[in-house]
Amino acid sequence: MSDSFFHPVSGFELPRFAGVPTFMRLPLVTPDHPRFSEVEVGLVGVPWDSGTTNRPGPRHGPRQLRDASTMIRAQHQATGLRPFEAANCADLGDVGPNPADIQDSMARITDVYDNLHGAGIRPLTAGGDHLTSLPVLRALARGAPLGMVHFDSHTDLFHSYFNGQMYTHGTPFRRAVEEGLLDPKRIIQIGIRGTMYDSEDRDFAKAEGIRIVEIEEYFQRGHADVMQEAREIVGTSATYVSYDIDFVDPAFAPGTGTPEVGGPNSYEALQVCRGLAGLNIVGADLVEVSPPFDQSGNTAYLGASIMFELLCAMLSQTPD
Amino acid sequence: MSDSFFHPVSGFELPRFAGVPTFMRLPLVTPDHPRFSEVEVGLVGVPWDSGTTNRPGPRHGPRQLRDASTMIRAQHQATGLRPFEAANCADLGDVGPNPADIQDSMARITDVYDNLHGAGIRPLTAGGDHLTSLPVLRALARGAPLGMVHFDSHTDLFHSYFNGQMYTHGTPFRRAVEEGLLDPKRIIQIGIRGTMYDSEDRDFAKAEGIRIVEIEEYFQRGHADVMQEAREIVGTSATYVSYDIDFVDPAFAPGTGTPEVGGPNSYEALQVCRGLAGLNIVGADLVEVSPPFDQSGNTAYLGASIMFELLCAMLSQTPD
Amino acid sequence: MSDSFFHPVSGFELPRFAGVPTFMRLPLVTPDHPRFSEVEVGLVGVPWDSGTTNRPGPRHGPRQLRDASTMIRAQHQATGLRPFEAANCADLGDVGPNPADIQDSMARITDVYDNLHGAGIRPLTAGGDHLTSLPVLRALARGAPLGMVHFDSHTDLFHSYFNGQMYTHGTPFRRAVEEGLLDPKRIIQIGIRGTMYDSEDRDFAKAEGIRIVEIEEYFQRGHADVMQEAREIVGTSATYVSYDIDFVDPAFAPGTGTPEVGGPNSYEALQVCRGLAGLNIVGADLVEVSPPFDQSGNTAYLGASIMFELLCAMLSQTPD
Amino acid sequence: MSDSFFHPVSGFELPRFAGVPTFMRLPLVTPDHPRFSEVEVGLVGVPWDSGTTNRPGPRHGPRQLRDASTMIRAQHQATGLRPFEAANCADLGDVGPNPADIQDSMARITDVYDNLHGAGIRPLTAGGDHLTSLPVLRALARGAPLGMVHFDSHTDLFHSYFNGQMYTHGTPFRRAVEEGLLDPKRIIQIGIRGTMYDSEDRDFAKAEGIRIVEIEEYFQRGHADVMQEAREIVGTSATYVSYDIDFVDPAFAPGTGTPEVGGPNSYEALQVCRGLAGLNIVGADLVEVSPPFDQSGNTAYLGASIMFELLCAMLSQTPD
Amino acid sequence: MSDSFFHPVSGFELPRFAGVPTFMRLPLVTPDHPRFSEVEVGLVGVPWDSGTTNRPGPRHGPRQLRDASTMIRAQHQATGLRPFEAANCADLGDVGPNPADIQDSMARITDVYDNLHGAGIRPLTAGGDHLTSLPVLRALARGAPLGMVHFDSHTDLFHSYFNGQMYTHGTPFRRAVEEGLLDPKRIIQIGIRGTMYDSEDRDFAKAEGIRIVEIEEYFQRGHADVMQEAREIVGTSATYVSYDIDFVDPAFAPGTGTPEVGGPNSYEALQVCRGLAGLNIVGADLVEVSPPFDQSGNTAYLGASIMFELLCAMLSQTPD
Amino acid sequence: MSDSFFHPVSGFELPRFAGVPTFMRLPLVTPDHPRFSEVEVGLVGVPWDSGTTNRPGPRHGPRQLRDASTMIRAQHQATGLRPFEAANCADLGDVGPNPADIQDSMARITDVYDNLHGAGIRPLTAGGDHLTSLPVLRALARGAPLGMVHFDSHTDLFHSYFNGQMYTHGTPFRRAVEEGLLDPKRIIQIGIRGTMYDSEDRDFAKAEGIRIVEIEEYFQRGHADVMQEAREIVGTSATYVSYDIDFVDPAFAPGTGTPEVGGPNSYEALQVCRGLAGLNIVGADLVEVSPPFDQSGNTAYLGASIMFELLCAMLSQTPD
């Protein structure tokens, strides 16, 4: 069982609306903190949206997610897991980006995650737009390509935008495959939908062996069956989980930049995470929460609930 | 058939946006009104939220519910029931609380409901936070404990908060069972979900014989099957219905203080009420609508639609 | 394949947020434009809500729909259809109404659509409240009554309002049947729900042979089965499609004047359109988007997505 | 001193958020009420906006104004006047309009006000759009034309709109002068501003002797000096006061259909009313509050505060 | 000059939207922190609104104020003062209240402030509703009554509410005078306005010698002259500053529970603070920011700007 | 007088809410339009915010400004000027930026403005963040440095951000002076306020001879006196006007990324533009309108009103 230092403040003692908001009311343990080396799972914010081609805002995501996450309690309803007792979890603060320079920002992010990786800390990231995943993967996939379970309404496999722009939130996984960070045959993308520019991304996926579960198939088979296939595809090797909040229907998650109607509801948004239990998850992210498009914080609350599910999935596999 | 005095104003005659808003455009019949004694079902507001441990606002609920309820028409779509012709219904006004004193407010509420109970008026209450149910039950359960069908995402069975605080919106039914107002073996709680502090409330339920239908079971079985069980549990004896708006997924009902994602949609929100038909309902409430968190009034409109369904359920049993 | 003049601007070239917003980023081709005669499908705005008996606002619908529609891309996800290559599509601008005179406005609308009809342009209309459909049908149904697939939560078959008011958004299809514009035996209304004034509209439907699929039946059978019946009812003759955004549950489409809870979600909102493929559609409309009740534009984005589906349905039948 | 029946409920006894909302928490006394004949000043709602040429919504004004007016207390801060003790005041309910017929609605309004006028009740009206003033004036000006102090950003003196539409919210005072309801030489319009179509309205004013105080003059002279002139222009004869909420700058009153930036602040919004003290006011209105454009209720709260000031101005002259 | 540990993070280095939000990006130094004893001015949150008689929400104030305060930079524009270099400033976290027990909460608050007072830390408090000031004063005024400069639209000098409720946000300074915490002859209340229940609070003020500057006098004399009088009234002895955000007009600060129109603008909101320079300020608070009524954060940003001015005023007197 | 082709559509004919929204309802005349060469003043959108260091969103500015500008009529209230008759004005569409590459975007912007400059068209730009001004000035200042009247709360004269980032919305005029595009001795910056990082920007201004009118001086002297000085500083030579919407207080213009409280109101926002009459204005811009932070469109409406004033100022000097 983890040290009580790493336990979140209970809402029975301090009301949820009180206190400086950290992720899930965990202690803030930045790298210079004396107990940094004891952290096992680190919740990290990446307030950055320079890869956004459409409506901006995910730079404000981590802060709103922290605020909303103070509504999260200590025990998983369905499994009884108490994640903060299962491992030392902490809020590691934010990576400081350079809003005006994409390459510099990516380098900064990779540096921070290299450090975490070296310290044996598994990261659970709150984005940021989806380009965030690329510099994170550059740190986590050193040595061998990872598998990936990817929840999204878009493939993010496009070649480029705007006459040759290679790094946007629509291209991270094309780059990650090209850079050898992901093993395309161990990638599954779930929930894909929306009108299309053309079929260029699908053609790439097909050529590389990436499995795409479009929304119609998803609804016909149901989440349990789809997640069974996901587990088979990624297997027992090291796997990354990337969760774009626009996987969920915009009625449940309006605070995002490129919504696509016709998506899963919030019940399914949680259930698919439960389907990750037992996988070898080396890191996970929840991206594209855009507070300016939902000042109510409802999207962020769903996002925080998903982060809790992802955390439980990451810890479900840990033998102790 | 009821007296036309008790019929609501039709939107064919006076547009829905016109007129001083009473519940469902019914006449306002306060206790000093000459026709008070003729009322059979009374719609009552309890603008009170002193039991709220989290985000406040249900004190503003009754007014917003009245406003939204002017969109309700006279006939039930599926059954054809015209409730305002089936019984004399009226808006009985609000109970005046003392926002700064919980005990005084509870006494005031119980007094008003004692009066209604004595006059043979069945109450349909618009809260208020969920602590509202406790002083109402104190009036309605005089003599014998009631059964209860309880729609909610939380059990509200906690022992206490904040170092010994016994009366909050998280404790009403623990108190009601302790006070003998409810028969725990005739309680069913439906829709329970969300992260948990611990299992203390579930342990109490188990020990007392309270039936909890968690959300996963609810979705697996479907609302028809669950409501069949609910009817069996409460049987033909006197039963109370308590409906917390956070039973419904927050995409459909964002205006509440402690939302839990992953809940039923608005279609199910209505269908479960239809499953109450034929029960011996001595009173019902719809609580936790918090207007500051949904100024659009959409949550209140769903709440008013649920109140109409509850009203029809209360009258479905009335032989005429 | 259509002329590139009629192709929308791609988001890969010009970001979606840039440019004067026309429907789906199509060229604006008003009747005095030199290429007007080449248009095959015309997207038309009718910014008018004088028939609204309840909450106003659809007069602002076309503009918000245009704005949101710039998020639509060129290819249908499920079928691969590229509608803007299948036919010459254009934004034909708005019909200028007279906000203070219903009859004058209806005459203006019919004039414009007579002109389109004469030019062989099939119209896809963005309303406007539902009374919009009546003057449109007066132009399109010259010669022979049309069939109609009608998605809505209301029948819009009422006789009159407010002591004899014959032209409101609750009466268009009563008038259309009376005027011989629609063949009642080839009308199907899907999604009907909500509290009722009385049964007068249902009685009319029954007497005339109009098929009403209430929401309970809709959910029990599923959209595929219902749409199969719809195709059988309207057959291969000329058919109009009228889509009231309040068909969809208000959690997905809050920006409308007379919402009814308990409706289909956004996935179904799209799927029912796909069930129209192959019909002989002479025109379609999407009405009752009311921006003042959803300034976020989320409702309009769903509306624009539905318009894209309707457009694809209109073109699915076109042999080339 | 007035009868206690006519005193509003105090916020010291019943919290402001409780109770069915009537104007300023006064008793609701409709014409069939036994004490109707005792009313001296009647607060009336006219939920109607068929004259609106631009953004709709004032049909929802009276209800939101009633809600906000429950924040108003019993005593004027600066003068100490307790208006509800100075005269019998009551909420007389709403006039039921016909949303689809302007002429019918105007007739209905005039009928109601004829009745009030006959009963010796001075009306304080909550609109509704500005066309509301015309049918009210038709009742109040029977016998002799009235003077008018008019606060607005627009003159509302236009000849017609949309090819001959004579009755819109931009024309009421042109019609009222033509119909002999207002004496143009006893009209002063204060706060006029905004871009102009042309000078047609100003030419009419000049020809008729209507005094227009444009916003630049208003700010240069200050409200005290302008109101001194206003009192001189209308003199001691019967005078109407018409207050369009768009007189106030839209930062203070965003909830209106045709805002004009560069207007007075809320302090001045109240002070100009105080400058009306001592006039012979036969009726007053506050119009153009449009709730859909300010769901927060802040505009309505300013509107209710202005209504309180107008009420005090109406009663300041009453020797007792 | 202060230690760099106590300097806020610069927006030139870490973008303002990044990082866990503390007040003005200062270090979080709770009482168990090794450097707690070095703090000279402590920014403290009191997330509590149990004294609210009207619209609730200030319990959420401190968190929103922290978020908004990350927009504050290090140097005062007009004076050039760099407060974080002038003294060791820190965010001391929140006082944990008991939302369901007023007396318990007040005891908790006084305990925390006793501790600060004992440690020689001057507190700058972010409320919370205005009852917050009472338990703070109980800690700060030990020994001798304080003077007070009070910015507000209400006197908060009422005797009681709701049949004898002595502790609400409308009574703190009545209690404080009665308890000998404040010297009434050294109290000035500025900006008082709004409709009144009666004159009971004014009578108390008059009897005790409290100086009230009503809004009319304030605007006639101007802020410079009024603040000159304020400085004379409180003199050089120990003084508290209490700033209710509803001092400011609700167009500038809509996020509050009991707004009063006709108040000062945001420029004056800052200038009055500058008029405090040189006083002997032992503590200050900014209260009644209610996030549910302004989710945009604009009110909180004004509140944070006022807190910065109050901080500069507190430090302007410190000879170094 | 201009050709009627260049006249905006009147709201008397087509309601303001109808029609595809162009700036001020002017014709859309892109460079390939046959009448492009006749344009004298071109309204251009630059939907771009890559220079934003804080809250993003101005990329959505031009579209919301177009929408709001349909509320603008044809004649200036105070001067009677009818600008669309004084010169051929047109909406020239948007410059297509590259959201992911600052240098590429700046090159694209300069190219477009070079073309306009070559065609003798004076541009009135709707941004975009404030970095927009730099590439515009590069086109307009070819040959000789310009004078500038700059309304803003910030100087935008900073050296760099984030460790050497030279091109952000906080640096454009530092760069413009360094590049010789602006003559620092002919620059006046009005309205400067807000907390400061340090004095580095002020030091630069002082060294270069740039005149800064801080907000305190502005309010003390009044807008007329300040604008008199502005006219003297820029003299009769070619001058650019740059207007950041955050010059105005955020109560009037909340939709912006870096608001500073304590600013001018909307009346002054317009009056300062009128003080530009007679200057030799070669171009003007209105920047930093950020729709995600004000979905109501109120900020954009103020922005459109300012654009109309700027247009009139540009045309006030044109002898005809």
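Per-chain numbering from 1; labels A, B, C, D, E and F assigned in written order.
In this section, a residue touches a chain if its C-beta (ideal position, glycine included) is under 8 Å from a C-beta of that chain, and two chains touch if they have at least 3 such contacts.
Small disclaimer: the values here were computed from a predicted structure and weren't measured.
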If a chain touches subunit A and subunit F alike, it appears here: C, E
Where subunit A and subunit E overlap in contact partners, by chain label: B, F
Chain pair with the higher count of C-beta pairs in contact (B-E, B-C): B-C
Farthest-lying chain, centroid of Cα atoms versus that of subunit E: C
Where subunit A and subunit D are represented by their mean Cα positions, the distance between them in whole Å: 55
Approximate Å spacing (C-alpha centroids) for the pair subunit E, subunit F: 38
Residue numbers of subunit C (touch at least two other chains): 13, 15, 17, 53, 55, 59-60, 99, 161-163, 249, 251, 265, 293, 296
Topology of the chain contact graph, where touching chains are joined (line, ring, star, complete, other): other
Chains touching one another, given as label pairs in label order: A-B, A-C, A-E, A-F, B-C, B-D, B-E, C-D, C-F, D-E, D-F, E-F
Residues of subunit B defined as touching subunit A within the complex: 53-55, 161-163, 192-199, 214-216, 219, 249-251, 254, 258-259, 261-263, 265, 293
Interfacial residue positions of subunit E with respect to subunit B in the complex: 49-53, 55-57, 59-60, 98-102, 104, 161-163, 165, 167-168, 292-293
Footprint of subunit A on subunit E - complex, ascending: 13-15, 17-22, 28, 45, 47, 59-60, 62-63, 66-67, 91, 93-97, 99, 295-297
Residues of subunit D that touch subunit E when the two form their complex: 10-13, 15-17, 71-78, 80, 249, 251-252, 265-267, 269-270, 296, 298, 301-302, 305, 308
